[in-house]
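Chain naming follows the written order as A, B and C, and within any one chain the residues start at number 1.
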Amino acid sequence: MSNRGISLGELAVRFGCTLKGDPALMVCRVASLETASSDAVSFLANAKYKSYLSQTRAGVVVLDAASADECSVPALISKNPYLTYARVASILHPLPRYPAGIHATAVVDPSAMISADVHIGAHVVVGAGCVIGARAAIYPGCVLGERVTIGADTRLMANVTLCDDSLIGERCIINPNAVIGSEGFGFAPNGALGWVKVPQVGKVRIGNDVEIGASTTIDRGAIEDTVIEDGVKLDNQIQVAHNVHIGAHTAIAACVGISGSTTIGRHCMIAGQVGIAGHLTICDNVVITGKSLVSASIRKPGVYSGSLHVEDANKFRRNAARFAKLDELAKTVRRLSQQQGGAADDEER
Amino acid sequence: MSNRGISLGELAVRFGCTLKGDPALMVCRVASLETASSDAVSFLANAKYKSYLSQTRAGVVVLDAASADECSVPALISKNPYLTYARVASILHPLPRYPAGIHATAVVDPSAMISADVHIGAHVVVGAGCVIGARAAIYPGCVLGERVTIGADTRLMANVTLCDDSLIGERCIINPNAVIGSEGFGFAPNGALGWVKVPQVGKVRIGNDVEIGASTTIDRGAIEDTVIEDGVKLDNQIQVAHNVHIGAHTAIAACVGISGSTTIGRHCMIAGQVGIAGHLTICDNVVITGKSLVSASIRKPGVYSGSLHVEDANKFRRNAARFAKLDELAKTVRRLSQQQGGAADDEER
Amino acid sequence: MSNRGISLGELAVRFGCTLKGDPALMVCRVASLETASSDAVSFLANAKYKSYLSQTRAGVVVLDAASADECSVPALISKNPYLTYARVASILHPLPRYPAGIHATAVVDPSAMISADVHIGAHVVVGAGCVIGARAAIYPGCVLGERVTIGADTRLMANVTLCDDSLIGERCIINPNAVIGSEGFGFAPNGALGWVKVPQVGKVRIGNDVEIGASTTIDRGAIEDTVIEDGVKLDNQIQVAHNVHIGAHTAIAACVGISGSTTIGRHCMIAGQVGIAGHLTICDNVVITGKSLVSASIRKPGVYSGSLHVEDANKFRRNAARFAKLDELAKTVRRLSQQQGGAADDEER
């Protein structure tokens, strides 16, 4: 598709846009406003980049009605330009399709059920009792343990590990070196003798349309399962501990750690490096800003924060030293306020 | 074992519990109090879940003497219910045993010494001079460099990488995609020319009964070795830099980063996302709460913290802005306090 | 080389050092001052370890002129002892060289161009259109997608994944299980229906002399490329999002997360677990201390911080609670200060 291209007229019809420009013009790829040439689609979704509109050489720009007049080239007018752009781009740049078939070097247990048109790459291992749905693609080096189920049209990038009994839905993308179904971190203390492993007998269940980032790890449940609902998007290097439950359409950025048995609602957005303690409940529609530590349940939708931002290191060091005496400072202020007989102690409200 | 099951009488004898109930009853698996049926063992180790006791349909519940009366089904009474549960569960749900033998697709150097009853899976690579102990299991896709030693009964899950000269003890479990013995991060500054690599000539030595999480990375030493003592439990996505030394039976949760040449004592517990600076010493029996930054040695057992928890984002933003002027604020308070001639300046104590 | 050794005289000539001692003496390995025997080179680069100088049994110590008198064994006097040590060590302990050739189990697409003296290990997969430079070494289990280019003398440790179209320069080292070119985290919101994937059509371009740590992940660009310039050193478990640009000779410690479209300058040093928000610019020669959160661009070279260090957990809890009311506290102090008619409100400057 990216070679032949598509006409602006067809794009307008297909995605319900108003076209300003010649419907016969063809585009075959995407590009940014700055670098686009006339064979490329670009988009404007952030007012910050509006100044590029008058100079772009793109074949067409996807934008909203308010910006159309400033655009010097053809425009596809959409109520949601970024969403429309995503759909146009997915037509021009589909994920690669590998031919159906099982590579000669793959080791597939005879008991595995492989549906039609599945691609299994070089050096893949598929264990006993696995079930692979139609058109799934398993890239080189992936290892599927026993009784792993993969839904139709799901794609495992290279070197992914799916441990025994993992269930993956349809149309998922699992990025390289991710691990699903590893041992949960469960140990019973035994005094001076250390720790005794608690067998982790649950599994991981992942819904449809889930994307999982590179080197993200999702542990199997201790007794019940770890669950990722439909449409969840997990970035790279996220850690999901045993028995976590993530609600549908929640998006989580890279390097987040979620401790065991925590339940996260639907349509949440969790920014990078957030840490979430165990056994908590976070309701639907919660946004958590980067690097926050969530140590109590969140019962109300909203935006939550808990992290300090950088400043000059010397200044920060002085402030941090004051922070270490902040409790005493607050007490001093309260006392001063009382001595002055001023308004009621507003720091205690 | 999980098919045939075990009698309550045998469990009581084997683990020194008092049985309340029919010793001939059989159980064959574990389940939570809420979902258990009569073939399942459950447990109560947290008073929070006591309300489930009266309604559970479990075949038997492991609990302490104080809770036995509230249990409507057979009970195994233990002084340490969670520990007893861990042991019962490990009998009912042993880790899978793969048949001894080397898969036809594994590439094993002729100089490697492979003990009896070792399982080597598909597409495994074992380099020159490796030594693999009895009954060790190496899952598909693992790569062992040269001169790697693995003790008896150790298990490497899929796609683990053990670099040259790594030493792993007995009865260890290394989860998928973990990396042991990668290059330490050592570079000598060379001004405007950047960095010159410092060869990393130490190795990694890991004791017995160590568990290492998925995608955890442990670097080889710069000159001396990186050492993980017996019984250490490392969760997923932990980073252990060159020349770190972790004492026996210390447990570390996911996403912790430990910088080079730091020594951590025995029986410590370090929560998720903690960062520990380099060249520090942390004594035995230290607990560090989640997301803390340890930037100085800890010489005294205890519980240590250093991280701020989430709150409403707008409120947090205002507070964080105040934090940036906290040093000045503290000075103002001191001045006020002095002007009032009040008690000695308690924020300076 | 580490067997035969090298004479002190040759080392002095080769690295421009003044030798104090017998030029005919031979050394064949490196060791620390404490453990060195007479066949070993050691070094002193940190005054903290000076006390070892009088007792070391090293064959030679690399040190600066000021320390030479205290050294009881032969000395190589250098203006930059650590740099000289790095170079000596790299001669005594070169990275292992594997024989040229393609292992019988490797799967190399016929269209791939493999230069002279390349080593391709067991179970490696090299996709269509790849180009591998002279003397490159690709360790077992690596997967190269399609059209991947690797420069001369670059080394991929085991189980590395390079996705389609990745470009890697010369003399790079990529540690085990790293992932280059995975999907960027780009989704357009579609209301209650969740997220629509935005195709990620850029690639990753990595310069010469770059080292990348174990399990580090670098995403391909959304439209333009993700770029890592020459001489950059990335430690383990770093996340580099789509369209990040890292300037030459910047060094980044483990577990750092860099969000999309952020540009980092040259010669920066970023400590462990730092988080950097998206769409920021950090200028050259910036140092950021451990665990800081960078949420605004940094326009001036310097040292920046933003993280709180550990202290006793009870004390920290009290302070953190005060932090949650810090904005109110600051207002109280301002009011008190005004009531006293004292100096202008210094916390508002």
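Definition applied: contacts are C-beta pairs under 8 Å (C-beta built on N, C-alpha and C of every residue); 3 or more make two chains touch, one makes a residue touch a chain.
From a predicted model like this one, the values you see are computed outputs, not experimental measurements.
S.K.: How big is the rotation, 0 to 180°, that puts the C-alpha atoms of subunit A on those of subunit C, in steps of 5?
M.R.: 120
S.K.: Given that subunit A and subunit B are copies of one sequence and touch, is their interface built from the same residue numbers on both sides (over half shared) or different ones?
M.R.: Looking at both copies, the contact residues mostly diverge.
S.K.: Whole-Å distance, subunit A centre to subunit B centre, using C-alpha means?
M.R.: 25
S.K.: If you look at subunit B, which of its residues touch at least two other chains?
M.R.: 105, 123, 141, 159, 177, 215, 237, 255, 273, 307-309, 311, 323, 325-326, 329, 333, 336, 340 - these are the residues of subunit B that touch more than one other chain.
S.K.: Show which residues of subunit A lie in contact with subunit B when the two form their complex.
M.R.: 105, 107, 123, 125, 141, 143, 145-146, 159, 161, 163-164, 177, 179, 182-183, 185, 187-190, 192-199, 201, 215, 217, 219, 223-224, 237, 239, 241, 255, 257, 259, 273, 275, 277, 287-289, 292-296, 298, 302-309, 311, 315, 318-319, 321-323, 325-326, 328-329, 331-333, 335-336, 339-340
S.K.: Would you tell me which residues of subunit A are touching subunit C in their complex?
M.R.: 29-32, 35, 80, 82-83, 85-87, 89-90, 92-96, 103, 105, 121-123, 139-141, 157-159, 173, 175-177, 209, 211, 213-215, 230-231, 233, 235-237, 248-249, 251, 253-255, 267, 272-273, 290-291, 307-314, 316-317, 320, 323-327, 329-330, 333, 336-337, 340, 342-343, 345-347, 349
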